[in-house]
Amino acid sequence: MHFASDNTSPVPPQVLEALIEANHGYAMPYGNDVATTDLRDTIRATFEAPEAEVYLVATGTAANALALACLCPPWATVYCHRNAHVEEDECGAPEFYTGGAKLTLLDGADAKIDPAALDRAIGFTARAGVHNVQRGAVSITNATEAGAVYSPAEVAAIAAVARAAGLPVHMDGARFANAVVAAGCTPAEMTWKAGVDVLTFGGTKNGLMGVEAVVLFDPARAWEFELRRKRGGHLFSKHRYLTAQMAAYLDDDLWLKLAERANAAAARLSAGLAAIPGASLLHPTQANAVFAAWPREGHRRAQKAGAQYYLWPMDQSLEGAGDVPLSARLVCSWCTTDDEVDAFLALIDGGPEPDPVHVPG
Amino acid sequence: MHFASDNTSPVPPQVLEALIEANHGYAMPYGNDVATTDLRDTIRATFEAPEAEVYLVATGTAANALALACLCPPWATVYCHRNAHVEEDECGAPEFYTGGAKLTLLDGADAKIDPAALDRAIGFTARAGVHNVQRGAVSITNATEAGAVYSPAEVAAIAAVARAAGLPVHMDGARFANAVVAAGCTPAEMTWKAGVDVLTFGGTKNGLMGVEAVVLFDPARAWEFELRRKRGGHLFSKHRYLTAQMAAYLDDDLWLKLAERANAAAARLSAGLAAIPGASLLHPTQANAVFAAWPREGHRRAQKAGAQYYLWPMDQSLEGAGDVPLSARLVCSWCTTDDEVDAFLALIDGGPEPDPVHVPG
Amino acid sequence: MHFASDNTSPVPPQVLEALIEANHGYAMPYGNDVATTDLRDTIRATFEAPEAEVYLVATGTAANALALACLCPPWATVYCHRNAHVEEDECGAPEFYTGGAKLTLLDGADAKIDPAALDRAIGFTARAGVHNVQRGAVSITNATEAGAVYSPAEVAAIAAVARAAGLPVHMDGARFANAVVAAGCTPAEMTWKAGVDVLTFGGTKNGLMGVEAVVLFDPARAWEFELRRKRGGHLFSKHRYLTAQMAAYLDDDLWLKLAERANAAAARLSAGLAAIPGASLLHPTQANAVFAAWPREGHRRAQKAGAQYYLWPMDQSLEGAGDVPLSARLVCSWCTTDDEVDAFLALIDGGPEPDPVHVPG
Amino acid sequence: MHFASDNTSPVPPQVLEALIEANHGYAMPYGNDVATTDLRDTIRATFEAPEAEVYLVATGTAANALALACLCPPWATVYCHRNAHVEEDECGAPEFYTGGAKLTLLDGADAKIDPAALDRAIGFTARAGVHNVQRGAVSITNATEAGAVYSPAEVAAIAAVARAAGLPVHMDGARFANAVVAAGCTPAEMTWKAGVDVLTFGGTKNGLMGVEAVVLFDPARAWEFELRRKRGGHLFSKHRYLTAQMAAYLDDDLWLKLAERANAAAARLSAGLAAIPGASLLHPTQANAVFAAWPREGHRRAQKAGAQYYLWPMDQSLEGAGDVPLSARLVCSWCTTDDEVDAFLALIDGGPEPDPVHVPG
């Protein structure tokens, strides 16, 4: 019953096999090997974007911060949701990589930016000219930090506001696979066709050891990206091991299949929770994360049984009198099983303690 | 015949096995798993440094730049050799991570800093007080970029000069294993016992996919290091896969055995070249890299046969008349075979083209 | 009728006389002259702070950003009011000088930070440890950007919250003189006795050409400040001309007398506006700035007569039908005359156009 | 006998008069006043550069660092002489403002870059592509830190090398007036006609309190410069006082007349020293600084008589036995008198102590 994060999961066997396969003989370093060239073509084909430039890094924070640094000068601001990963969970990496840009925090339900709020914020920026930080870039997360999914139309609505102000659009796709599966669209429809300029195409949370691709649909900033990546210490010498993982991820639509499993597990968990008396959903469950509240007693039973998840926000306490509802974040991954979900639901629902659950590896 | 770099090699089977082993069940992310706690203790034991703090990152550039940023404020300078990796091969990562510190470039044979040159440079620094960049830190590379090895006594001589000026010492140990093997000393003797404050303990060039440990012998800056690592995008969520590799590396002295093989191959190559008429060594071969010059015809034969290595410096040309000597860098790795070495030597020596060589994987 | 800003005013004759006086013979540069040494003692005495270190710079943005850079590391956040000058009017100078710190924006009436809001924001910061930007420093502006004044007790309340979290406190005193005069307290009571660690002691808006003193009540960061000042290009070689101005400012309490005049003019203006039918004050008038709203027709008359001030916020328009109230900021300075104020009030009140007003110089 | 630096001098009466004149009535801040508009046109006319953009700041370090930040990205290097002010006397301001660029140090007699050395250094840069810091910009100082002057032809030779590599050229003209006077050319011939893109047009060392103009001959980066200036805290609110000084400086060729006086004093001093037995010049005296060596006894007499100048380099000592020559830097300014020079020469020459010298103010 591990719902702490999708980053606690193992990787699927295909990824290990790809590493084993890649581990033969010598390979040119730094992405200058044939496999990496092929992979870049595969990603271009996946996104129907023959002009795009593609680079691999190992963490989502690196991917996001490097991408934003190419889009937003030091004296400008990145418009993002108040709960965006770039704001809340990267220890200021965007500020570091941009050389001191700001983040302008926007509201919107389910961690989705409200286009009208974006428009107002852009309008408010730099009204005193040189005295103010300037307009820089827009960053959206899909799937969002609240487990919701922007549809391609919703992405396009944000991008239209950005475009009207001449601003580029970045998408943090740490859970891009989950979003695409949920929206039932193509990768292209979710990105450049909707106005996205740069995508962080996540692999790590969806089954890789640590690989993210940055897809620059407009290649104008490609060389700058390469220099920033190297200068940031994110250019891997033994690049083949990043390449192999990402190639396995794309092969035979593995990335979509993994996300389908995670999303399905979350849907099952969400439906189950919604049916428990006293429990309620805090956001619609559209991807692989469930945000719900239920009485404190249920949390105590879950913790006692070893279930892992975060109270959300984190400053709630299991201690204290009164069976008030506490809210939680529950994240499913490609390897979450129906048994895990059902055992967890049984705990929350107050039934007897379940049998130990087998976890695949 | 792959001598381009030690980063073109595959990883040994133990590393793959460790990844497979680590890939079971859920694991807490970001280094909060039990295996990482154990690994940190193992590294402390390896270095006889129970107080040390240890962190993993995936690239040497990240390790070096993060370490230096903890030692050198933005308004100070890092003393390093003119040919140091931090100066020549990191696209300014130290400048980026420190927030704009300088690098003061020192001379010295075989890419080793001459202690007297260091002393002079320190004495020259900040003579005009606030108008000048201040004294920051000293960084040495062991084994050096010229394939030489500082002995513990030589490290101590550098550190003594640094200490006298109140400066901390960083060691870029991208090839630390090769240096320790060559010097026949303990890891502790090569580092904190000789006055090193922070070590980049390299794994990547010596057989890992991409793992370096930063060892802070003085833990005072540990929390700052953690923040800088996260902010730089170098904190891995699925940290277990870094841990597993480094644990395998240390297990049963694998790291030393791999380096012994690389060093031995380089010694064989070096001795063979020295015996070829018209060839000469440019630096003593003490670790796993050979720097030598031989007539252009030999280079042409080698290139035609598919041998991979760099002319060093890179701006020499195989074209042109006259059989002048061209200099080259040849790097051996844990998987370089005697057959490869011998085949290469035969080529340089002008014998007939060798049979294809089997490369282990 | 110039109410655009206190930075549009000339300097009083004492300041010019001081420059003339200082312009004799040679003087050691960079603040190493006797006059600067004396001035530093004068400022220490003014603040009853014999241990304080004092430095001069020429702009308020430089003073604030350099001070904050000494208090807040790159990976932390500065808590300030949403309307603080450091947030709204410095084009990201704090982010630049700190190396990429954040600003956490707080609410509170009259541009004063609500201590409870500060406490909540601090509590919310860094709950996920290394993943988050850390707690850095607190910055308050006195007098505030809304023309209000923190009393020493109010400063102490903010500082108590900061202290409880181990955070230092910076005061942007671009209009410090106006605040001290309004509060009827000593400089010491308004600063270190209330818990302020570093003060930007403004001279420019209150009658100097361009001089601000940074007063470090805790001298521990003095050398770092000096290095940052030099590195930022803010160390003046012909420092005597900054010193002379600031010395004249402090001599015979000129700084307080200038602020008294500005505050009195604002009080007269504020009272006059409050008495005009259809006009209303938006903030209490406690220092030298008046924020008020009155019908559009009054604005049109004022503009036609050449009155200078800003609609506040700036995106309102004098055009359009309907005599709706528009809000404005009116700033008085040491040289604002009663005649100017009265002429302006008469305009707003709808009387006949006034005679031209004599402006002192 | 003040030869410590040209920044120890007072300002000429015209500058004070201009300040007095400017101190009437209200003026729009931040350079939005009529006088600043006029001044910008005057500078454009002075440089025969109608398209140029012109900005004022108060220190040479700010002017240089802001200019270089507009020319050189963070991942590139600035080619400059080893003794350039940007390298030796700005505490890393270029590194700070560029966001961590390098400075590549070049040799050349009299602190002038040798074009062949520049060409070699450019050729050496970035040979390993993304692994290396890239080519950024070239910065030359005229007059140089060794008191020499690049002729327009010499500037053009440097600029030709830069142009061939696609690099922009910055001139640090802290002593631009002295250089123009020495070369007998027009400002245009010394700058854009010779290939200079951005000039730091110094006023401070040549008679202003603290004003430098940055002249962007190519206005493409003007808005970026404005943002960097504001963000660096170098945009003055009461801008009229910078403007007034610079306008006085240009009026009736005051700037050239002041430089002529300083250069003439240096020529007198230089000739006098050269004629003293045991004394020798270290660099040709072409502008307002003299670099010479003479026996220690002469230094002792000079110091005892209160003469002010720096031993150069600074680590020489007046103490010790033996009358060895010590080298010194002697800087003349617009207010250096023949009497001062002659009195100093008499001291060095071993004559009797001179009468006190009248210093103008």
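The letters A, B, C and D name the chains in turn, as written, and every chain counts its residues from 1.
Note that a contact is a pair of C-beta atoms (placed from the backbone, for glycine too) under 8 Å apart; a residue touches a chain by one contact, two chains touch by 3 or more.
Just so it is clear, the model here is predicted, and its values are computed rather than measured.
Greatest centre-to-centre distance from chain D is found for A, with centres as Cα means.
Interface comparison, A-D versus B-D: the higher count of C-beta contacts falls to B-D. Chain D has its Cα centroid 43 Å from the Cα centroid of chain B.
If each chain is reduced to the centroid of its CA atoms, chain C and chain D end up 34 Å from each other.
The distance from the centre of chain A to the centre of chain D, with each centre set as the mean of the Cα atoms, comes to 53 Å.
The residues of chain C that reach two or more other chains are 74-75, 90-92, 96, 99, 130-131, 134, 227, 230-231, 235, listed in rising order. By the touch criterion given at the top, residues 30, 73-75, 99, 130-131, 134, 224, 226-231, 235 of chain D touch chain A in their complex. Against chain C, the residues of chain D that register as touching in their complex are 2, 4-5, 7-11, 16, 19-20, 23-29, 57-63, 65-66, 90-93, 96-97, 204-205, 209-210, 227, 230-238, 241, 308, 359, 361. Interface residues of chain B facing chain D in the complex, by the touch rule stated above, are 74-75, 88-92, 95-96, 98-103, 123, 127-128, 130-134, 313-315.
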